[in-house]
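In the two complexes that follow, chain A is the common piece, with chain B as its partner first and chain C second.
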Partner chain A sequence: MFITAASAISPQKSFRNADGFTAVPLTGGNRLLCSEPDYSSLIEPKLIRRMSRIIRMGVATAIDALQQAGVTDPSAIITGTAYGCLEDTGIFLKRMVENKEEMLTPTAFIQSTHNTVGAQIALMLKCNSYNNTYVHRALSFETALLDTMMLLKENGTSQVLVGAADELTDQSFIILERFGLFRKQPAGEGAAFFVAKASPDAAIAEVKGIRTLINPGTQQVEDAVKTLLQTHGLGADDVQLLLSGRTADTAMDQYYNVVEQTIGNEAAVIQFKALCGEYPTSTSFALWLACITMQGKTMPGMTDASHVRYAVIYNADKSGYHSIMLISKC
Partner chain B sequence: MSAPVYIAGLGAISGIGNDVAENFRALREGRAGLSAIRYLDTVHKNTFPAGEVKSSNEELAERCGWMGSDSRTAMLGYLAAREALDDAGINGSVAYRTGLISATSVGGMDLTEHFYPHFLANNSGGKLRQVVEHECGAVTEKMAAALQVTDFVSTVSTACSSSANAIMLGARMIRNGLLDVVIAGGTDALSCFTLNGFNALMILDQQLCQPFDQQRRGLNLGEGAGFIVLVSEAVAKDLSKPAYAKLTGYANANDAYHQTASSPDGTGSFLAMKGALEMSGLQASDIDYINLHGTGTQNNDASESTAIRRIFGNSLPRMSSTKSFTGHTLAACGGLEAVYSIKAMEQQCLLPGLRISKPVIEEEGVMVNEFTNGIPVKNILSNSFGFGGNCSSLIFSAI
Partner chain C sequence: MSREQLIEDLKRQIVAQLNLQVQPESINADEPLFNEGLGLDSIDALELIVLMQQNYKIRLVNAEDGPKVFQSIGTMADFILENQAEQN
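Take a look at the complex of A and B:
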């Protein structure tokens, strides 16, 4: 699967940042909010006002990726979101409780459904193609990629718009914080969309393979990393960059230790959640980072990326979902 | 990519029955499951009839063998998925690569909406155990753990077409050689959130719904779960009883017209039906029965019937909407209606739509209004269309 365009909105100044970026000081304490761009060149102001943050971030990154790739009518639109449209869900729930189920307006309900981001993209593009939304926790984005890979295999001329979006709201932050999720790591959010196709022309990176595991042991993770590399004729020393989902929360350390040991001493390790915060579809931000690295752009912790030929993204979510992606330069 | 995909097991729970046999009996006897709301705590309980599963959460938990703190969505989903797996005779004795692909639109909202009043009153209020299954994926995760499925687990949420898309993904994973067995379908519990959302949209019927009748006024909501077990050809040969049918066609398209309304010319539904037919290699005239999306809203039924005219011209297959029995079960409807379609094929019968006095499609005999036995049924088209323009069609064929 070849990526021809990538776009991300994140707590960093990542959107349309042609020269790479340096880390902005994160001032939000244990809550990182996205740095939203001026959308007016991408979306009609009238539409922006009606959209919740997740919708406008998702739509803007999707439109940006399509413009970069020069694609106006993608063969498929595939979205991953773990939490869905929380802001509109919260608004409708609040009104329902306060108004005791009477006199409700439908707008927030309409925009609360999980497929709203993918649907709004289709609506803006007038795109009648395949459209799907995956909502499976920390594998939502990975499932969207898996679907994309199958579509490209089924139809070699497809150009697929694939991405992920999750938003943190005041309410969801408080609730997740009560679960103790952000004691040692900041909460995050973001949207990232990519254009993918089966052939390498004009590609910026190739996603060579993805492995997902559910509640594995450390040995299974190690085997999966090795197998993924071997399948593509690579050894541990061939990887120059590991984008690791590790945070200061030590709960999953045993897994991150194993992967760092497996990939060897050659790879630079970047902890991507230090840039985007913790959220279930954060691997979409990591894939965006891998894509800009493959284009030779810089990011915090890596001032010269010219030597990076292969990168691995590894994420071990506390709910038991692990994913490994192998990315190569084109 | 055209390796056959077989259906080896069926599971269903809805307002018309707790298992496939009960569901089928109600369809045969013309007994709808729509009535005043009894289990959901809502101010609208005597205003809008609904197709509730006739069991309390305590009774469902007991059937699941669970503690009673889980989302109703997870319990309904587990019961139907378990029935489907048992029906297929897959018990873990052979190590098939097995996946669970579920679909839901509400996830654990039935519990979240109990948490919210306490939370809104005080940010530290409300029991956290009522939101642990809020995420759609958390509901599937609970089901997967109980079914002991670990190879692949995923959740689709494309509103009312969700479970048709779950079935599509399952079939494609088998065709791509990634899995041998997939339990695919969907589950949704009735919640105040959805009931009030649909009420705000003013598309609920205060009487019993009349899908594809000219007098239709809106939809009744339902709840339930429907799952089918998809298997590869190799697994189908292994199993002790013959598979029910093959999934020969599927397609997903987007109407790209409006966030909630369907286009007047039925673009999305036309493309979904056309794509499914093309994949199956069948002619329109090969379709013996259409299980309609048929929600009973003015908009859906007009759009869907227009799209059907565009595909089938004047040679219309017989058709009905079983939502006149179950109500609209949202993300579960594609799964439930797949089960009904496959049962109709197994029993060689046509399932009726209820309460039709002036059919939208007026040609004699097209709208099936009573249970009809002894009909050769080889190919069935099942439609599921949803908010966000998401339209999917599936074609089931006799083996």
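Take a look at the complex of A and C:
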């Protein structure tokens, strides 16, 4: 699967800033909010008034990716989100309680469903093609990518818009913090969309393969990494960049240690959650980072991006959901 | 409450409820709410029905009265005043 365009809104200044992007560690306490653009040039005022932040971020990155690729009518729109549209869900539930389940207004309910981002993109593009949203916790984005790969295998001529979005609201932050999720790592949020196709022309990167694992042992993770590389004729020394989901929380260190020992000896290691915070679809931001690195953008901790031919993204979520992606330069 | 005061209140409430990107004072009381005026749509119509019920305890019993009642903020104000007078 070849990526021809990539766009991301994140706590970093990433939107429409691939050339000038400078990754800086963030100091927003334990809650990182996205650096959002002025949406007025991207979304009609009549539409934007009903959109919550996640929808705006998702729609803006989708439009930007499509514009970069020169695509006006994608053959599919595939989205991954773990939390969905939390802001509107919160508004709707609050009104249900306050109004004793009577006199509920439609807008927040309509906008609260998980597939709102994908649906809004389709409505704006007047795109009646395949449209699917995957909600699989920390594998939501990976599942969207797997569906994209299968779709491209079925129909090699198509161009697929694929991405992910998750937002942090005041309510979700309080609840998730109570679960102990952000004690040692900042909470994050973001949206990233990509245009993917089956042929390599005009591509910036190729997603060569994805492996997903649920509640694996460390040996299974090591085997999965090695198998993924071997499947594509590669060894551990062929990888120049490891985008690692490791954080200051040591709960998943045993897994990250194994992966870093397996491929990290020669590769530069970037801990991408230090740049975007912790959220279930943060690997979409990592894929955006991989794409701009493949275009020559040097990240902190790297001496030179031009030698990066292969990158691995590895994420071990505390829920037990693990993913490994192999990316190559085009 | 005077008709003028009610119209000013409705302007503020509608802008806030529908998250309109205009200043309340810039809306003309006789300006059409739908299509060429403020450009509201059918989802907004439901929001207006609930707004009227929540804030003024006025129910729109006959759906066919909708186009007449929601023609403008002025017609909404007239409908509210008329029904409040009947309730009293």
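Observations on the model:
Everything below uses one rule, namely that the second predicted complex is superposed on the first by the 318 of 330 C-alpha atoms of A that agree within 3 Å, B and C clash if a C-alpha of one lies under 4 Å from a C-alpha of the other, contacts with A are read in each partner's own complex, and residues count from 1 in each chain.
Criterion: contacts are C-beta pairs under 8 Å (C-beta built on N, C-alpha and C of every residue); 3 or more make two chains touch, one makes a residue touch a chain.
This one's a predicted model, so the numbers in the text were calculated from it and none came from an experiment.
When the shared chain is aligned, chain B comes close enough to touch A:I175, but chain C does not. Legend: residue contacts after superposition of the two complexes on their common chain; A:T143 is shown touching chain B, with no touch to chain C.
By the touch criterion defined above, A:V97 lies against chain B but remains apart from chain C after alignment on the C-alpha atoms of chain A. When the shared chain is aligned, chain B comes close enough to touch A:Y130, but chain C does not. Once the two complexes are overlaid on the shared chain, A:I214 sits against chain B while remaining clear of chain C.
When the two complexes are overlaid on their common chain A, residue A:I110 makes contact with chain B and with chain C alike.
Residue by residue along chain A, chain B and chain C are tallied for touches, and B comes out ahead. Taken together, the two complexes place residues 104-106, 110 of chain A in contact with chain B and also with chain C.
Across the interface of their complex, chain A is touched by residues 17-21, 39, 43, 46-47, 50, 53-54 of chain C.
Within the complex formed with chain A, the chain B residues making contact are 1, 42-44, 105, 107, 112-113, 116-117, 119-120, 123-124, 128, 131, 135-138, 140-141, 144, 150, 152-159, 165, 169, 172-173, 176, 192-193, 196-197, 199-202, 252-260, 267-268, 271, 386-390.
Chain A makes touch with chain C in their complex at residues 45-46, 48-50, 99, 103-107, 110.
On chain A, the positions that touch chain B within their shared complex are 77, 82-84, 89, 92-94, 96-98, 100-102, 104-106, 109-116, 118-120, 122-123, 125-137, 139-140, 143, 147, 150, 153-154, 171, 174-175, 178-179, 212, 214-215, 319.
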